[in-house]
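Both of the next two complexes hold subunit A, though its partner changes from subunit B to subunit C.
So, the complex of A and B:
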């Protein structure tokens, strides 16, 4: 064989090899960790994190979203928007069946929407702009809005709007329906078994509408309540997937150094968790904008990112995470500058009054972050008292406005109208509840900007409005933004294509396969 | 004896009801609201949603009415509904109780047997190297926190030596049956049961040793020796039997509290028992579930106390049942 041909063949093989290696293989079982144990799996009734993670395999939404948050088909294969941006028409996929064999049709979509309005707080808020929903035929659903609503195409992922089987829920008492404990969806995996306190088993849906998918035979979600024990379970080969947040951050570098271990921070683009400190704007020194700005200058956020979060994530510049729409970094900057913080405190006349700090009771990582922030604030002369509490107790204190500074992190759901405005508009000040405007910030200009931004068209107009809102908020510092969090997902390298969308592990394992 | 038992059962039921009422108020004294916890987890907490949840939980009703509903339920053996887990409390506890009983009874048996055995040896060879070794050994396990022993056990026997599984009740996905399944469960049981058992073993060792040394000095032992009985017989039939009473008392107290002590062990070893169920319910302020677990634990303490009283009689025939 002439040398050139041989070289050509070798090159061709060499080039082809990676492509061939990426050809998905069918079969195999994945053991993943789920923490904490979900209280239930019926996604329309329970919406906490672990439920979404497991049930994202069982249920589906009309759409899913790419890492850049572009809508992609799921149960809807196409969609169109009217010129006045008030009518959205979805064409549903044909040939989709529920796990019990009944066909999925537009009637299920209409029923799901009615049910979710009563059982799913976020869906109800998201659907507030919908005037009516109609199904002209079995495979078409038309949403008519009261007014244009910019983020409308962003509310259809499985966790935000899961589809529910009408034939199993209509006319029943939803909260005691037996299918809550043996959920039936259209997703790539079917519910098989739940040994409470031990594991949840899902098996491949053989009639899944995307031919050839899913690739895996089974998924075992293992329930291991102790963080150290979860690390050991991975080290000893008992589990293959540690979804983001499963292990303490200080274990992450050790685990990622293990043989055949891959790690990614991808898959959080849709949720964009943003951590910040609630600052009680109502009373005491923090009612003064200069003291709040001093807090921003006093905290070494790079240290938190590099040391406490192992370099993952990004220092936040303001109320929007850089991954969501209309983000701008053209805002006032708050670098770590203790001298400036001290000067601002002096100017504001801070006399060393005691300030209570509530860390987040989500484990060691948050505890340590609390300690680091306390240290930073004390360094510039702020008199901090840490209050120890569990999650429920902490929520009550925050909801009752009985705090000065409190840690939190919230999801942003891709659009400022869905996940940002809620924390700053004054109509969201309501005592007794958490995760709204608990800091008590009230600015009519901001209220108007968020109200206008949600309904403005075209996109360029929305961009302009939200950029302005970000600038005002960053100047006012209603809360102290810390980090855009990235929870690392740790897997054996043989697990391929686990995260393919901006929804990450919560979007189900339908694309995942094992390179055995 | 029957009248003694029936009297104790009646008293027990009254105590249980008092515990239920007390716990009902105690739980509600803790800050935190189950509706807010659930709304928070859902990532949304608009007023309508929280109000809806409160109505669903029955938390919107006046406290005396909530108590009345609950006590009425308990009297008719209905422990209520966990709205968080969307299942009847009795079912949730029923699913978890067997695992806890297996763990705690095994740990109890290990601790009692080893404790009495080591205690006897230590007393028999008091002042020797063996006595010191046993005492130090017992002290180490008594002094070390359970979670630490558990983590060290995992590091040594799972991570380093790979002898025992580090978590769970059985090998997930192995689908074993019969003897193979029993062996699998036993392998998973060894570390949690030893961890929990060694702590209590230490107490029994020290108690047995001290008690035996005390009894040894009594006159009837001298009499037995004067009668010419062998040392083994004296130790077993006279000293140990008399020395066991305080150990039985202690075991009676422990048997009830073992379930509470199992919380940490169950958490570290991912053992699917009610200890963990209780811990999760507490964090989430799942009132009905938490109260349900308390009722079961209290009932256990009462039952074990009754058994302890009956065992007294077996150990020491001089004790009579007062009716």
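So, the complex of A and C:
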């Protein structure tokens, strides 16, 4: 009898083996690169890329987003929308505790929203349509909007709206709160230590509300300032995870050919970084639409994708990345066509006036890209002078409108109302700031379309509005769209399930496990 | 003069140096005529190894640009920066050194403390700071190299002038009532120049190295191709494509070596006694 049981067990195991092989294993330590070293880890106050990447695993938002940007439960386990699309009711998960053991309740949500409105520029904008937030009981939060706001369910991601512990922050000076240096969240990992210039250590939250998760014991975020040294650290086995953008693109093919190495471009859907050239619409030859169109025709964007970005990414067709809602490619096309560019320049009466180009000082890839674009433009007769600058100097020049052409890339946050419109509407022309409408494009029709699109219902109406806006923008070329960027995440293949959401590594360690 | 050329040509290092310099100068002058295309133009597929296509004999870089064309155009930038910044340094350093040595006393003290102020700052660090502040361009690079390289000239000239001003012919000139400027220009400096000429040839070499180092760090003029830039840009891909860094690196090595050899030859030619006794 015991023998038969054993046999049965073996058979069962054998049959179940393919499934079991994918069953997560608990334990293990992961070393990942973080680049550059974050200026701070308090996500409600610092929103740099590296901060989001580390702290997204310490803090949590009400919702999480799938790679298709569908909202999924996180701290809110369910939600409902009223008939008039103006009232959103969130039911919070019960039994959630902060890392110091205090329970997470609706009071924390209300406090976080008040705090974020003061400390988080994007959250403030996102919440502009909110009339009031109430908590009828400890586990219910009700948002009442001034008017229907289509992208509302897209603003609860951890980096956009992290939940902050009320009991540690209320009544303190937020900027000098000691917990900024040892953040306390509800997330799967707890902050342990930060050796400046060396590493940040996170440890498993043993009381995490999803039983069995997280699977890993510890995460070490290694800080390695030199790009070549980061590649070497991966090759020598010091680190197992190279998040997107942490090594130079030229190193990517070499690293991905290494044994047991997996690479993916996924995990950036929520951000959908789109690279373009700001074109100063105010002055000089670029004030002429035909010259701007000529710039689009003159640049070989497939070359940039294949050679400079090693085939990663996608040639942009317009102001929206293809992962963004209501994207359409039914717009005017700008293939690489130097002859057409020359003809347009001639038609516009361009006579070789000097045009300044500001590359982006983000490393070798961007330098090379600047050189290639310069050459493309020179080839059709545009007289380009490259201005050398550092990141801060470049931002200042762009913000002061003291440029002709400048490289940039921006995140789009899933919805045209959140991440696209801001760069083209005339109310967003504000000197001194970067990342708004610094090109100075002003078109009342576009202003109206984006204003209507944000509040229109139902979805089909929004789609119609945004498709029209894309068509107009692509015809006018306020900026020259280059590529939808993809930042490859390189990992050892034994690291499983790291990228499961639309923000990838930023909140991915919750599900990640190590196949030993 | 005839004597000078004779001894210059007698020293083997001088001859080799001259040949290298002539070669580099003619490449810088006439090379761009043979390569009418911009060295920034993407002409072939990227990472083409050298010696595979006769049109791009030294291969292509990460963007498919011709490495050989880059080297030809780079020669122009390197030599120009080397020569012009040395000239500027001489124009600044010689008068300061001559005045300090000739007038002595408080003038000497003041000028030498000023010179030491520049000498106490590591020259490369100062050059980086200056270029970063002024924004990288060919002018700011020449200016910053000149700023960091004039102090040795001033010190050298001062020493020479100090020893010459006590000579009888100088004192005779003073007695006959010649003006200070005339004495410095006509009596002292011509006799103090030979070590300065030797130093200048070495300064050109140093300036080329400084320019290359600045460009390597990404502080070169972004509109001009230079050897240092090519090495710096190729550095990230050195494991896939050695040729992008090696050829311009060799060009820097050879031209700096050539200038050093010329310096040695000049030294032999201008101080015939010294060199003969030395051997």
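Everything below uses one rule, namely that the second predicted complex is superposed on the first by the 497 of 516 C-alpha atoms of A that agree within 3 Å, B and C clash if a C-alpha of one lies under 4 Å from a C-alpha of the other, contacts with A are read in each partner's own complex, and residues count from 1 in each chain.
The definition used in the following text is that a residue touches a chain if its C-beta (ideal position, glycine included) is under 8 Å from a C-beta of that chain, and two chains touch if they have at least 3 such contacts.
No experiment lies behind these values; they were computed from the predicted model shown.
In the superposed pair of complexes, A:254 makes contact with subunit C only, with no contact to subunit B. By the document's definition of touching, both partners, subunit B and subunit C, reach A:389. Counted by residues of subunit A touched, the larger count belongs to B, out of subunit B and subunit C. Once the two complexes are overlaid on the shared chain, A:375 sits against subunit C while remaining clear of subunit B.
In the superposed model, A:228 makes contact with both subunit B and subunit C.
By the touch criterion defined above, A:148 reaches neither subunit B nor subunit C. Look at A:42: by the touch rule set out above, it reaches subunit B but stays clear of subunit C.
In the superposed pair of complexes, A:122 makes contact with subunit B only, with no contact to subunit C. In the overlay built on the shared chain, the residue A:364 is in contact with subunit C alone; subunit B does not reach it. In the superposition on chain A, no contact is made by A:28 with either subunit B or subunit C.
Contacts of subunit A with subunit B, set against its contacts with subunit C after fitting on chain A, overlap at residues 228, 389-390, 393.
Those residues of subunit B whose C-beta lies close enough to touch subunit A in the complex are 30-34, 36-50, 52, 56, 83-87, 92, 95-96, 99, 151, 154-155, 158-159, 162, 165-170, 172-173, 267-273, 276-277, 279-280, 283-285. Residues 227-228, 248, 250-251, 254, 303, 307-308, 359, 364, 367-368, 370-372, 374-375, 378-379, 385-390, 393 of subunit A touch subunit C in their complex. Within the complex formed with subunit B, the subunit A residues making contact are 29, 31, 36-37, 39-40, 42, 45-49, 118, 120-122, 124-125, 175-176, 180-181, 195-199, 201, 218, 220, 222-226, 228-229, 232-233, 235-236, 238, 389-393, 395-397, 399, 410-411, 430, 432-436. Note for the complex: subunit C touches subunit A at residues 38, 40-42, 46, 62-64, 132, 135-137, 218-219, 221-223, 233, 235-237, 239-240.
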